[in-house]
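As written, the chain order gives the labels A, B, C and D, with residue 1 at the start of each chain.
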Amino acid sequence: MTTVAMSPQQAIEQPNGLVLLLRYLRRNKGLAVGLAIFLALVLFTVIGSFTVDLKHAYPLSVGLKKPPSWQYPFGTDFFGRDLLAAMVVGLWQTAVIGILAGGLGTLIGVILGFIAAYFGGFADATIRTVCQILTPIPVLLIQVVIASSLDKRDVTIFTMAFIVVLLAWMGPTLVIRSQVLTMKERQFVSVAKLSGVSDFGIIFKEILPNLLPFIAAAFVSQVFLAVFAAFYLAVLGLGPLREPLLGNIIWAATGQGAFFNGWWWWPIEPSIGMILILGSLALINMGLDELANPRVRRTE
Amino acid sequence: MNSMTTTAPDARTAMRPATAATPVLRVEGLEVTYYTDLGRAKALDNVSFTLNSGEKMGVVGESGSGKSTMALAMMRMIKPPGRVEAGKVWVGDTELVSLNTEDMRKARLGKIAYIPQGAMNSLNPVIRIGAQMVDALKSHDVKGSSAELRDRCFAALHSVDLDPGVFRMYAHELSGGMKQRVCIAIGILLKPQVIICDEPTSALDVVTQRQVMETIDRVQDEINAAVILIGHDMGLMAQFVDKVAVMYAGRLVEVATVREMFTDPKHPYSRALIASLPNLENKGVFQGIPGLAPSLLRLPSGCAFHPRCPHGNQDPQRSVRPEEVTLAGGRKVTCHLYDAEGVKNG
Amino acid sequence: MRPRLLIKRLLFLVLVIWAASTIVFFIPRLSSRNALRERFAELARTGGFSSTDMEKIIASMQKQFGLDQPLLQQYWQYLNNLVHLDFGVSLYKYPATVTELIAQALPWSISLLLVTTILSFVIGNLLGAIAAWPRSPRWMRGIATPFVLLTGVPPVIMGVLLLFFIGFRLKLLPLGGSYSVGLIPDWSWPFFLDLMAHQILPALALIFGSVGGWVLSMRGMGITIQGEDYVNFAEHKGLTPGRIFRDYYLRNTLLPQVTGLALALGTVVTSAIIVEGLFALPGIGSLINVAIRANDFPTIYGIVIFITIAVAVLMAILEFVYPLIDPRVKNE
Amino acid sequence: MANLLELRNVSKVYQRGLISSHATVALRDFSLTLNEEEPTILTVAGESGSGKTTLAMLLLGFITPTVGEIVYRGKNISGLTGRDRMAYRREVQAVFQDPFAVFNPFYTVDHLLSVPIRRFKLASSRSEARSKMEESLSAVGLRPEDVLGRFPHQLSGGQRQRINVARALLLKPRLLIADEPVSMVDASLRATILETLRNLQRDYGVSIIYITHDLTTAYHISKSIVVLYRGGVMEAGDVDKVIKNPQHPYTQLLVDSIPWPNLEQRWGQQPIQARSGQAIGEGCPFLPRCPHAMDICKTRPPLFQIEPKHAAACFLYDKQPQIAAEKLSEQLPA
């Protein structure tokens, strides 16, 4: 019954999308920094994959334990890998695992979330209960169990991604489900029904477009969790040992006591790489969260 | 024709004792501008009026006309990107705009109280109602044992005819009408000189609405405060207030007693507003006001109402901004039609 | 809490534990590897073991462990043991049962885990609340961004960096181990101080890893709450800023955060596994670390289930405690 | 020709939660008949919780009745499928209350008009669709170029509610459910929207059910009125008779509480008793707050005929002839 205390009608033309995006980024520095770092990493990997001989990323391809020099800008490690090549390949592989596992996890989450929320009833009850039962279980430990029971030799990046996604889909499922539940009650869905739109039409044309910011945020946080999990397993020595995954490099470095033997560059470089990846993903996630939750955005 | 009640129209005002007409509230030249992304919007433009203790003034106008902005400005609660540009607000002998933040904080509820529109969630959901009253007292350095403070709260609850048991209840245990009356009780705890009600009953049913308005009326008599009722329901104004101020596009376009406003509105916008009201007599007659409320970002030239005004397409209206004039009997109007007739306010 | 809800909650708890143990039971059985054979193969490689009669030993061991019975039979037996908190026998430290190992390691980990979880909860939420509160100073409001970057630093990297710079280079704090060599553990004050000194670096590594998450979630919650009408009305009532911050803003923002506490313990435990390994602390973390390296499957599974039970029980307790602090929930 | 829409003894009971037996009766034994030849404007008035919105949801087919059935052109609506269902959708439309919530924020406002045109195939070509949209927009006093192509947040509440009404104009349904169409709109715009709805009925023969708590606008636009309280019909009949000469104690309290916008009509003679919260059993729902409460009121009062086209469910008039609930529509003038 309250009068519609609306902001005065904006007669002027709304500035186009790009200007709005830039203005939003200026106000939301976290997202800007995150995107910048992420782009830098992508550039590093793309340029690296052309300019550097990727075979040097594997053991016994170059001289051992050389500190960073003109010839080996990132130096070499105890096993004779050129760390620059190793970093390029490692970043690329981490990205593959992250995006694969994150993407799959989000996809499962969106599908189950929609089914549970929109069709409700028995489907909703089972999906919700399964998610609630699985939530308290520490996901990383189960992944450790899975990884440790696999034969070391046939563990590849893809099996890693599969292990990671196995128990990562509950988060997005619950988030998307609650969003769809609130969206379903909104009046524009009733109006769409009145306009003769079918159930599927409502899901894909009316509800899904409004959920894009949430799905994007869920995807980024899934990639973050996937990269974190892959790194975690690698550091425990459960990853694909031959691949120069950042986690493997650090596991090998700490194993050989790199710090104490003065090879400081060996553990530092992958650590910085990992911090940049996870940090940028976390910042982007924070930015997307604000985009999805208008009230949070308002105060910047 | 009307089988309704037939008490004399001005029965209520006649009964009020004739207090000395010292204005308890004087607002002079209040101006507020919002610096939004899309440009500067002058939400309040040189608003001035006075109010005596025990008097009720209604403030009406379309959404975006600046009603709520005026209330927030008087309480100095305008948040960025808005800013109070100029003006004075005198409550009794204190001027609020120049007070420092600490004194202004004490003045809120102490001298001037605000009853919110959304009573539904204006009460803290996780602490008891009593705690939310006592902390208001303590924040204004009211001394006394917890028993004394509690009794003071009981008195306030009693005057809004709420059972003292509400003191120990939580917000989710109260109905909409009860929550609104708790807000009123909080408003009168420190017996302020001015009470601003920002559409207090717009979220309530019509029967509860009448109950709440009667509570405000009784409470006002008890502490002899001046009351400003902000709203858009002209019927409520007819039943409750003594004088009516009409706002349009951030300006006060007319101020008159409720009888003058309803029987002989001067400003074309007031006249159109009164005519558009559904009434027992004019069943089936629909007189809307053409056009739309102007955007504060790009106000029409001259008088802001000229695009929608029947007298609007002539010269002074289109080009020159009208000044407020005082007509016979103290009525104020801001319209070129009355330039000659009224006395300029300088 | 009405009894009906009590039963529902306990049933849910049992379900969670059953789910975890079932997953942990079946997954290894699906994989082609045979734990025993690998264990002995490794022993044979390190000498002192002729491989000829190994098959016979493995067969007898399997019978003794009941691994040769049909899968369902094993599963039933496994669940039965679980009910008596018997996680089976550790392969690596043979005579000791997993339960004994856990019992030994638990006291060491308890202090580290609880302290880090509580500390990062308190620090994280306070910083998040201040970051979202409009009245706090300008630079405080920008605090969220660096902390978000912090969430990007896995505890093990933080541990390595701390170990190297503070431990090795500046020699301020011990490099590892739970107490200095040569000290006899007793309830004396100096021993306690020494113990604490050894815990600082691992605790810091864990806190840095999880505090960012709390800052982020609290900041989002804080911004939402401070837009609420009751905070606005509190200001209209002329309340002192301190009261508004404490009774209206903090109280309403902290409640939802408490529910996340139990889950947080789950994540801190998983990080502790590596950090304890890194700092050679004799807690649950290193126990599972060693078990992984030694393919000691019963121990790994035992610890995983134990941690799940702990987290699930804690969640149930929080579920009971919550209505006491949030009046709206009481009359559910 | 079967009636356009019939509600036969429709009741809706909400079971709160699986465990608790406490069930709230949102609507009790409500019957109504609407036929196409006599398009009318019927007001369903009541406070919040009276069941008026539940009735709207039932009529729109969003929820199904617990007891009784809703029949559209002779067929029960819950069983409609395929072409029949689309026909029902096409002929029973709604205007909702909140101008913010009706628009999908992702699309421009045109989406609200273009989707029904496409789904109900109201236009053969894009240009015809465009002209239909422009025609309905100008009929509600909006310049199409000011509005089309814009996003909802760029328009004022008044503009948005007009587009909402334009959508109804565009579809020209047989029955329009207007659920509080003007309560969130400024006074100046209220008259225009009410006039558009009235013209819809007068010129295009569209029956309108105007759901509101605001009796002033109800008196102004409708021919007949049904007053609901806690799911039960208290009073019904010609709107002039019911508003100017209310018989049921609840209607008297309601009418007396209306703040009429003129000084001669003072309000506030009827004392108000606080609305008690506990669930009423079988008896008259207004019993706990009724100044004339009698023992007999503990049983359910039927409708009594006070004068032609005016009935009230109150034992004060038990000497008057009783009317069965099914015959409610006969009290309502076309």
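Please note the rule applied: contacts are C-beta pairs under 8 Å (C-beta built on N, C-alpha and C of every residue); 3 or more make two chains touch, one makes a residue touch a chain.
Note that the structure is a prediction, hence the values are computed from the model and not measured.
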**OP:** With chain centres defined as mean CA positions, report which chain is farthest from chain D.
**Re:** C
Subject >> Chain with minimal offset from the mean of all protein Cα atoms >> reply: A
**OP:** If you tally contacting C-beta pairs, which comes out ahead, A-C or A-D? Let me know.
**Re:** A-C
Subject >> Distance between chain centroids, defined by C-alpha means - chain A, chain D (Å) >> reply: 50
Subject >> Whole-Å separation of chain centres (CA-atom averages), chain A against chain C >> reply: 22
Original post:
What whole-Å value do you get for the distance between chain B and chain C if each is reduced to the mean of its CA atoms?
Top reply: 57
Original post:
Distance-wise, how many Å sit between the C-alpha centres of chain A and chain B, to the nearest whole number?
Top reply: 52
Original post:
Could you say which residues in chain D touch two or more other chains, in rising order?
Top reply: 156-159, 186, 213
**OP:** Could you list the positions in chain A whose residues touch two or more of the other chains?
**Re:** 1-4, 6, 8-10
Subject >> Touching residues (chain side chain A, partner chain D) in the complex >> reply: 1-4, 6, 8-10, 14, 186-188, 190-197, 206, 209-210
**OP:** Spell out the part of chain D that touches chain A in their complex, as residue ranges.
**Re:** 60, 62, 86, 89-90, 93-94, 96, 98-107, 112, 115-116, 119-120, 151, 154-159, 167, 183-186, 213
Original post:
In the complex formed with chain B, which residues of chain C make contact?
Top reply: 228-230, 232-240, 243, 247-248, 251-252, 255, 326-328
**OP:** Please give the residue numbers of chain D that touch chain B in the complex, ascending.
**Re:** 47-48, 141, 156-159, 186-195, 198, 213-217, 219-220, 240, 243-245, 253-254, 256-269, 272, 275, 277
**OP:** In the complex, go through chain C and note every residue touching chain A.
**Re:** 12, 15-16, 19-20, 23-24, 27-28, 30-33, 132, 134, 142, 144-145, 148-149, 151-154, 156-157, 160-161, 163-164, 168, 212, 216, 220, 223-224, 226-227, 262-263, 266-267, 269-270, 273-274, 278, 288-289, 292-293, 295, 297, 300-301, 303-304, 307-308, 311-312, 315
